[in-house]
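So that we are looking at the same thing, I have put the structure below in C-alpha cells.
Chain lettering (A, B, C and D) follows the sequence in which the chains are written, and residue indices restart at 1 in each chain.
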Amino acid sequence: MISFASDYLEGCLPEVLQRLIETNAEQSVGYGEDEYCRSAREAIRRHLDREADIHFVVGGTMANAMVIRHVLLPHQGVIAPESGHIAVHETGAIEAGGHKVLTCPAANGKITAAQVEAVVQAHRSDFAREHTVQPAMVYVSQPTECGTLYTKEELGALHAVCEQHGLTFYIDGARLAYALASGSDLLLSDYPRVCHVLSLGGTKCGLLMGEAICFFRKTLAGDFRYVMKQSGGMLAKGRLLGLQFLALFENDLYVRAAGKAIGCADRLRRAFSAAGFDFAFSTGANQLFPVLPPAAAKQLKTQFDFEPWQTLPDGRVVWRFCTSWATTESQVAALEDALLTIADT
Amino acid sequence: MISFASDYLEGCLPEVLQRLIETNAEQSVGYGEDEYCRSAREAIRRHLDREADIHFVVGGTMANAMVIRHVLLPHQGVIAPESGHIAVHETGAIEAGGHKVLTCPAANGKITAAQVEAVVQAHRSDFAREHTVQPAMVYVSQPTECGTLYTKEELGALHAVCEQHGLTFYIDGARLAYALASGSDLLLSDYPRVCHVLSLGGTKCGLLMGEAICFFRKTLAGDFRYVMKQSGGMLAKGRLLGLQFLALFENDLYVRAAGKAIGCADRLRRAFSAAGFDFAFSTGANQLFPVLPPAAAKQLKTQFDFEPWQTLPDGRVVWRFCTSWATTESQVAALEDALLTIADT
Amino acid sequence: MISFASDYLEGCLPEVLQRLIETNAEQSVGYGEDEYCRSAREAIRRHLDREADIHFVVGGTMANAMVIRHVLLPHQGVIAPESGHIAVHETGAIEAGGHKVLTCPAANGKITAAQVEAVVQAHRSDFAREHTVQPAMVYVSQPTECGTLYTKEELGALHAVCEQHGLTFYIDGARLAYALASGSDLLLSDYPRVCHVLSLGGTKCGLLMGEAICFFRKTLAGDFRYVMKQSGGMLAKGRLLGLQFLALFENDLYVRAAGKAIGCADRLRRAFSAAGFDFAFSTGANQLFPVLPPAAAKQLKTQFDFEPWQTLPDGRVVWRFCTSWATTESQVAALEDALLTIADT
Amino acid sequence: MISFASDYLEGCLPEVLQRLIETNAEQSVGYGEDEYCRSAREAIRRHLDREADIHFVVGGTMANAMVIRHVLLPHQGVIAPESGHIAVHETGAIEAGGHKVLTCPAANGKITAAQVEAVVQAHRSDFAREHTVQPAMVYVSQPTECGTLYTKEELGALHAVCEQHGLTFYIDGARLAYALASGSDLLLSDYPRVCHVLSLGGTKCGLLMGEAICFFRKTLAGDFRYVMKQSGGMLAKGRLLGLQFLALFENDLYVRAAGKAIGCADRLRRAFSAAGFDFAFSTGANQLFPVLPPAAAKQLKTQFDFEPWQTLPDGRVVWRFCTSWATTESQVAALEDALLTIADT
C-alpha cells in the first residue's frame, strides 16, 4: 500500500538523519541554548535576510498556540479563515489559551485585507465595543489548508491593513517549503517584509519534528522562552531541533527537498486531469484535492491511501492527495498508472 | 428624553425595593447561605414544580461563563446560535474560560435539533476526531437575542437530541419572564422537562441585579459553589439576591411584572405597523426590531432613546426598542403619538 | 443573637440606601457609563488628590482577579503574603486566570520590601530563569488579613522596590476605610504615592456591594473595561455602584462611618484585655483576634456569633471579632458585659 | 570538558538510534495510532503486568500539565512537595492550566501520607470550604527532585490516603529508570498498585525525547487524546515515540541502561566521600548533591561541568552531579582522579 495521505508519513531527510547520527554521543547544554541551535538560527537568518528572534519548538499546534498566547492580551482575539488550522483542527487550543478565533468566510482557504478591515470596523463601530472581543492579530497559513497560495500582493495587503490598525500579522508556514518551491512569487526573504511573525515548518518538510518561530519585531519576541517553557514547548534536548534545522538550511535543502515534492504533485495533477477529474481547489503546492466518483475512489483505495477532505453540496466527495520530500518516482508512477487504467475503463 | 434602549434602565420593582429597605439593618450570614436565599430557592422550586439545585449570582455573563466552565471538560465546546449572547456580546468570556463556542447559522436567532445533530455527526465522522473540539453542550436563550420565542416542541426536540448524545442542554433565561408573560406555550414548570440547566434572569426582569441558576440534575450541580467563588460570582452579602428573588417569586410578581411590559410591547407593535414600518424579526416578547427609514429614526431620536441593531444587506437599518416591567403608560403613549405624527407626514 | 462574625452582615449605610430609593425610577445608560458613575469617580479623585482611572466592580475576589489578570503577562506571577486573600480564600481565582501566586512568609500578615527583593533576586539568579515564574507584581492588603496595618514607610519601601524592578504594586483596600479611620499614618491621598493600583472596598465599608479599582498609571488602565466585561464584572445597572460610591465619598462618609467601627473595636479591645485575654495579632483597625480558652468561647457563643481564625501550635484557638459601620453601642455594651461576667467567674 | 550537569546531555541509546535509522523510510499513520506505538504500549503493559491506557508525549512539563489538567476540575488543586518540579521549575504550567499547586514542606524532597491527610482535613474543616481550593490529586516524583527515593511503604501509604479521600495519585517518573535500577524496593510492576497515573520518562533515560503516560483506571484516561492534541502534545510523526519506547522496553533496556548510570553514581559517591565531602541529600539513584568548598568547586570546574543546586543557610553551596545511561567509564575515572587530587592537596 502506497500512501499519499499526508506529508508526515516518513521519518526525515537522509541529510538530517546523518546529522543526528554523527552527533549522537556529543554532550551539549539543553533547552535550545547550544551551538547547533545558534548556528541554525544564523543559517535561517541568512535566508530571511533580516534580523529575527528565532525559536525552535516541537510541533505546529504548539507553535500556533504559543505565538498567539504570547502576542494577545486576555481580551483580544485572532482573525483567521474559517478553514484555518487554528479554527478547525487544533481541538480548540487557541480557546484553551483564552482567546477567541474570529473567523472569516474563506473562498479557497484565503482571507483578504478587505475582510480584515471589515472585522476591525465592525468592532470599532459596535455600540458598546467592550462587549465584543477586540481583534488584534491576523492568522493565515501559506500554503493554506486547501493548498492554495497567497500572492505577494495579497500578503502585502494583509500586512498593510494590520500595520494600519496595529494588528500583528502571523503566517503559519507549516508547509512553507512547498510554497517556496512552487510557482509562488515570494522568496523566503520576502516574508519578513509581509508579516510580523512567521513559523517555518519542519515536520512536514523533511524533519522528524520541529517548527522555527521567527519574530521580526524585538518587542514581539520578549520573554518568549518563558512562554515556551510554560507551554511544554521547550525541548530538553533542544539541540535535536537545532541540528535538524541546520541541516535543512545549509545548502538550500529546505527548498530543494520541497521541489521534488512539487515535481511529483505536478505529475499527479496532470494525471488526474488526464483521467477527467476536476479539482476542488486550484492548488500550486504539494496538495491535490481531486473530486472523485465513488467507483474511482474505491478502485484507487485498493492500492493507495488518501483521505476524504469534504463532501460538496451536490454530494460529490473531495479527496486529498499529498506528495512530500519523501515521495518517490515509483510511487508517482504507480498512481499515474492506476489513473490511466481508471480513465480507460 | 424617554428611553426604550434596553430593559435594564431603571432600578427595581417597588416590591423588591421595599424588601431591601425593611431588612437593611438585619444581620445575616454571607455568601448565599442565609434564610432569605433558602426561602427564595423554595419559592422558585415551587414554580418549577421540580427538585433543583438553585444558585444566585450577580449577572448574566458571569452566569453563562460559570455554568459552561462547570459543565464542560477542557476539550469540550458548546453549540450556540451565531447570534447567541455567549457568541457575540460577552467579550469572549467562554473562550477566556477555555472553551470554544461552536456556532450554527440561526435564522431569527434560533437553532434546531437538526443542526445540533449535524454538528455532533460531523464531529464523530471526522477522520481524526481528537483534532476537533468535542461538542458537549447546547446553549440557547429564551427569548432569543432577536426577541423570538422557541416553542415547546422546538425546545423538546433540542432536549431530545441532547439526551440522545449525552449533551447538556442549557437555556439562558435572562429575559425569561417576558417569554412566560407572552404568548409562549411554555409555563415555568415546563422548563425542567425540556432542559438540564436554566438561568432565571432578574436584572432585566425587575431586580437591581441577579440571576438564578437552576440545575435539574444533581450531578451537574456538584461543587458549583466552588466555581462561583472562584469566578467572583458569590456575593458577600448574598441575602441581597435571595431577598430580591423572594420578592419576585412570591405572589407571581415575576410573570405579572413582565406582563405589563408585554402589554406595552403589543401596543408599540401595533403603532409601528400602523405607521407602516416592518419588523426584522417576528417577536413575541418585550423587544421590537422595526426597520426605520433614516428620516423616521432621526425624528424619533429627538424624543426617544433606542439602539441600532443591525444594517440589512439592502442598507436599511434595524433598530431595537425594549419595553420592561418599568415602562409606563405615558411613555408608551408618547411613542405612539410620535409614530402617528410620522405616519401622517 | 448578636453577630461579630464579619463586617458584611448588614445591608448598607442609610445615606446609601436613601440614594437608591430616590433614584429607583430614573432611567440611565448601563455598564458604568452613567452620570452617577462619572460623579462618583470625580468624588473619589478629589479624595485621592490625583488623576486616576477608576472602575467600579461588584466584588473583591473579582476585583483582585481582574486587576492581576489585566496587569500580568502569561508567564508572570504575583508576590503576596502567604496569608493574603488571593493566596488563601479565593478558591484559586488567580490560578484560574493562569497566574501563580508567589507567597512569602508573613509575620502578622505583612511582607517586606526585603522579601520582595529576595524573590526578584532569586528569580534572576536562577540558572535557568525561564523555568520559573517571573515575578511582576506585588499584592498586599491594607489592613492585612490579620487586621494589622502597614505604615507609610513600609508601603513606601514596597513601592520603591517595585519601581526599581519594574513590578506593579497593588494594594487591596477591601477594608481600607477602617485603615483610614484608625491610627494609620496614611491618608487616602497618600496612597497614589505608594502604589500603582488600589482597590477601595465598598462591600465591607457600608455599601450593599462594590469595589472601586483605581489605576494611577494610564498604561495600566488601558482596555480594562474589556477585561471587566469578559470577567463578568461589569454590572448591567452600573449606576447602582456609582450611586453608592457617590454617597460614600460625599461628605466624608467613607471615613466617618468607619470611624464608628474603630471606636467600637477600641472599646472591645479594652474589654478583652481587661478580661485577661491576649490577642494573636496587634491590630489597629476593626478586627480583633483574641485567644480564648474553650470555656470562655463557649460562654460567649451563647450570646454572640464570631468565627474561629486559627489554632495555635500550643492548641489554643484564635477567634475573630469584627466591628463595622453598622455596629451599635448596645451590641458593644452587650459584649463588654459578657466579658466582665467571664472575667468575674 | 566533561559534563555531569544533567542526564539529558547526549542523544539516545544506540539501540534506539538504530531503530530510527532502520525505519526512517517507512510510511506510517500519524498521531500515535501506528503499529510501533501499539507494540510499545504492549511492551510497557507487560512490564507493568497490568492493564493500562498508555499515551506517548514529547516532554515532561507537558506530560505533567496535561495529566493534571485532564484529571482536575476547575476548582481543584494538586498537592505537591514544595520542591516538586511542577511547583518550581515549569514556569507555572499548572497554574497556566488553571490549577493551584498546594505545596507541602518536603524534607529530602518527599511528602508523607500524614501531610496529605492534614491538607485534606484542613480543607474540610475550613469554615467556608468553597473559599479554598479543593485538594483532589497528589503529585510526587520518583526519584524526587533531590534524588531521594520513596519506599514501597511510603508510596503505599500515599496511595491509601488518596484512595480514602478520593484523590488521584500521580507519580512523575521522569527518571524512573534510575529508581528501578537503584536499591529501591519497587519493581515497575509494583507501581500500578501504588498509584493511579504514572509517567515513564524517556528523555532522561536514553531516548531523544518522550514520556509514556500510564493511566491505571479507565475513567481517568477517557478522552485524553483530545487533551493531548489541544495541548500540542500529540506528535504528528507519533511513531517516533513508539519506536523509541519499543526499543527501550524490549530486552529490558530501560533498567539495564539505567543500571550503568547507577554504577557510575555509586563510584562517584564513594569518591566524593573519600575526598571528605558530605552530601546534602542521601540519594540512591543517579544524582549526587555534594557540598563543596569554593576552592574544590573551582578546581573541578576547570575540567567538569556541573550545576549549583542551592546555598545552605550556613553559606555552603550544594552542587548537583548527574550520571546517565551515557556516562562512560573514562568520564567517571577522570572525576575520580580529580577528587583524589583535591583530597591530596
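Assume a contact is a pair of C-beta atoms (placed from the backbone, for glycine too) under 8 Å apart; a residue touches a chain by one contact, two chains touch by 3 or more.
Keep in mind it's a predicted model, so treat the numbers as computed, not measured.
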| item | value |
| --- | --- |
| Labels of chains that are neighbours to subunit C and to subunit D | A, B |
| Connected chain clusters in the absence of subunit C | one piece |
| Listed chain pair A-B, A-C or B-C that repeats interface C-D [over half of contact pairs the same by residue number] | A-B |
| Rounded Å distance, subunit A centre to subunit D centre (Cα mean) | 34 |
| Centre distance in Å when subunit B and subunit D are each reduced to the mean of their C-alpha atoms | 50 |
| Centroid spacing, where centroids are CA-atom means, of subunit A and subunit B in whole angstrom | 42 |
| Sites on subunit D at which at least two other chains make contact | 74-75, 90-92, 96, 98, 128, 130-131, 226, 229-230, 234 |
| Subunit D partner contacts - residues on subunit C that touch it in the complex | 74-75, 77, 88-92, 94-96, 98-101, 127-128, 130-133, 307-308 |
| Complex contacts: residues of subunit D adjacent to subunit B | 31, 69-70, 73-75, 98, 128, 130-131, 134, 223, 225-230, 234 |
| Residue numbers on subunit D that touch subunit A, as the complex places them | 2-3, 5-6, 8-12, 14, 17, 20-21, 23-30, 58-63, 65-66, 90-93, 96, 203-204, 208-209, 226, 229-237, 240, 326 |
